[in-house]
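Shared between the two complexes below is chain A, which has chain B as its partner in the first and chain C in the second.
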Partner chain A sequence: MRHEIRLKIGPVRFRVGSDWAGPVAALRSLYREYPAADGVPDYSVRLEATRPWRRFIRPSVAVRGDHMLPDALPLDLAHGVLAAEIGMNLQLALGERRWLLLHASSVARDGRALIMTGESGSGKSTLAAVLAARGWRLMGDEFALVDLVTGEVRAFPRATSLKNEAIDEMLLHVAEDRFGAELIGTPKGRLRHLRPDARAIAAMDEPATPALILFPRFGPPEGAEAMGEAETFVRLTQASTNYVPLRRAGYDALTRLVTSVPAVAVDYPDTDSAVALVEHLWAGL
Partner chain B sequence: MGGAVSRYARLLARVLANPARVAGLDDAAWTGMLTVAVAERLAGTLAARLADVAVPAVVAGWMVNAARQAEMERASALWEAEMARRALAPLGVPVVLLKGTAYVAAGLAAGRGRFIGDLDILVRRSDLPVVEAALLAAGWEWVKPDPYDDAYYRRWMHELPPLIHKTRDRMIDVHHTILPPTARPTPDAALLMADSIALADGLRVLGPQDRIVHAAAHLFADGDLAGGLRNLWDLHGLIGEAGCDGLMARAERHGLGPAVARAGRLAHAMYGTDVPQAWRRLTLADRFYRRRLLAVDGWGRDVRPVTRLLFYVRSHWLRMPPLMLARHLWVKMRR
Partner chain C sequence: MLEGFAVVYHPASGATHLLASPVPEILATIAPGRGAATVAEILQRLAATFDLDGDGLAVVTARLAELEAAGLVRRA
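== the complex of A and B ==
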């Protein structure tokens, strides 16, 4: 393709091709501190004009690649970096069979991982970013990769995708030079990427042992309630993109996770109380 | 012949034919070849072919993904066949598995690592009403409940309108023959059924040479050659296992001699399939087919739009007479 970038995020190698220079330049800037991704990619993502003339006239980006959704809507060229992010997420969500994928953010401390999962809007990305700003190692804001043999979690620390109020919240905690350009009017609203810190990138190939699973919920008054293994199991099958295709191996990995790691549903009204809750639960492990 | 645009598709074909050819490939060649394999739904097949040769560490992760996905496809296809068997067994009518599910159920080379989408079965035309009723009672539903499409399928197609299972979300195509009645060749569906072979569970598969005839009919007498590299790979395996003795006579009985001969020639040219001397040279038209089969680049993009369009038009031309085609396209266009 006309423009191309290779990215290695955690253990996953991508090549992203684009009909336009813009999205690749934006990715190059967001991922400028990541190690070079030589070799053979695991996945290819293509950002293509929906029709040949749409490269120039009202440019419209179709997200394609090895694995695609047939009815995915195209995006504005101004949102090309979001298109790339969607493309990379889709490759993992639809194609990955090496690890059990949990749609979750994760952070680590002393080689032990905290996994946070919940529906979008639960604040799991923001919470991971805030914890990273307070000394935790960011492992990822989108997917936690659970090793099918060892049960360890692999990091997938792509640029954290912050939406709407979460952007303003994070600007209170992190210097603005770590942010990408603000994207206005995307299908997800206002969106801005936060570059993971040097520590998260340097340690991205180091697995961590799961120690705690949280189901955060932003909004209601502060509270924490232990979750039983059965409910945790069912919720995590829903949070996994590849539990079914992994068959027995997925069942075994998930069973081991929920029977060896405590799970807690936490409600929090603001980030400070969330951080305090997390630290309290972590200290009690 | 060929050109730079299809070089990774040609590399993929050479490696499928002879996996030892991966020795010395550089990263760019691997990247292009693996991407074409995914785009052409040959990833699992390639992973199975490469299982016994040395591959660089950088492609090991890709191989694991492809092999595990293929294992999943195989298990789901066999499970879906079993679900259909349970739904249809009380009827006591013969049910023949077709295409990918048949290849894995019968343990054929073409089934190794194969991508499998829908479940395709063949039943006698006279059994269609009871089969349809049994499937509907067992939880399958119509995919597109549209009166025109429904009438079109029932009058002019070789299969029922597609059905999908409401909880398992898998499609089943119920055929009563292997080409649309409007197509010029008329395969002998009764002969296909009579010479089918029972598997241990009571489901059936076509006889070895009829499998070749069906795969060739599917590739060259129906459709626009989308996924053609994969379908030709099926033919490579089927011909390798059944051999060519008496094959042409069998193909002629189904009116598919030309399609089978073309399949033999192209399989030999692209995969080195063992075929009679007469099939070891491509005709001028064959070369155009090969051009279409290889119309994918190292990013997995469709290329050669004019060639593709011509084969698309041809697929409709084969399927129906001109006036009927005009009416059909008119109805579809007004949607």
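== the complex of A and C ==
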């Protein structure tokens, strides 16, 4: 392809090719502190013009790769970074067989991981970013990779994707030079990427032992309620993108996780109370 | 067992099932080694371990129909 960048995020190597320079330049800036991605890429993502002339006229980006959904809509070229992010997520979500993938953010402290999963809008990305700003190690905002053999969590610290109010919230906690350009009018509304800190990048190859699973939900009243193993199991099968194709190995990995790690549903009205709740629960482990 | 649910992975379909009582107990009566059974025999085997009340036959018949629909048991 005309433009290309290779990225290594945690244990996963990507090659992102593009018909345009813009998305690759934006990725290069977002991932400028990451180590060089040597070796054979695990996944290829292609950002292609939907029609040849669409490279120039009202440019429209189709996300293509080894694994594709049939009805993915093309995106505006101005949102090329989002297209690349969607492409990378999709390759991992549909293609990955080395780990059990949980749609979850994760942070670590002292080699132990806190996994936070929930619907889009639950605040799991924001919460991970805020905890990282308060001294936790960011492991990832989108996927937690659970090792099928050891049960440990591998980090996948791609740039954190913040949406709408979460952007303004994080600007209170983190210097603006850590942010990428703001994308306006995307299918998810306003979107801005936050570059993980140097510590998260330096430690991205270090696994952590899962210690706590949270199901955060943004909104009052503040509260925390222990979740039973059966409900946790079912919710995590829904939060996993590859539980079914992993078959028995996925079942074994998930059963081990659910029976060895406590899970708590937490409601929080603001990030300060969420951080306090997390610290309280963590101290009680 | 998770909180009283039996979690069953079915290799043939790749599906995972959460089974509430008395389904795990019914399955245990026809586990490999004990062999296939008629509904009446399943009731007898259950009665050897559990106190059954009057509608045992209806319950076992209904649960077996669900297990058959899920592909976990097969009519011989």
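Here is the rule we use: the second predicted complex is superposed on the first by the 285 of 285 C-alpha atoms of A that agree within 3 Å, B and C clash if a C-alpha of one lies under 4 Å from a C-alpha of the other, contacts with A are read in each partner's own complex, and residues count from 1 in each chain.
In this section, a residue touches a chain if its C-beta (ideal position, glycine included) is under 8 Å from a C-beta of that chain, and two chains touch if they have at least 3 such contacts.
These figures come from a predicted structure and were not determined experimentally.
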Touched partner set for A:38, first chain B, second chain C, both or neither: first
First, second, both or neither for A:21, with chain B first and chain C second: neither
Chain B versus chain C as contact partner of A:46, first or second or both or neither: first
Partner chain(s) touched by A:226 [first = chain B, second = chain C, both, neither]: neither
Contacts of A:247 with chain B and chain C, given as first, second, both or neither: both
Touching partner for A:184 - first (chain B), second (chain C), both, neither: neither
Partner chain in contact with A:234 - chain B first, chain C second, else both or neither: second
Superposed model, chain A: greater residue contact from chain B or chain C: B
Which superposed partner A:258 touches (first chain B, second chain C, both, neither): second
Chain A residues contacted in one complex by chain B, in the other by chain C: 245, 247
Complex interface listing, chain A residues touching chain C: 228-230, 233-234, 237, 243-245, 247-248, 251, 255, 258-259
Sites on chain A touched by chain B in the complex: 1, 11, 15, 17, 38-42, 44, 46, 48, 65-67, 95-98, 245-247
Footprint of chain A on chain C - complex, ascending: 2-5, 7, 9, 11, 14, 16, 18
Residues of chain B touching chain A in the complex: 27, 30-31, 34-35, 38-39, 56, 58-59, 61-62, 64-65, 68-69, 71-72, 75, 299-301
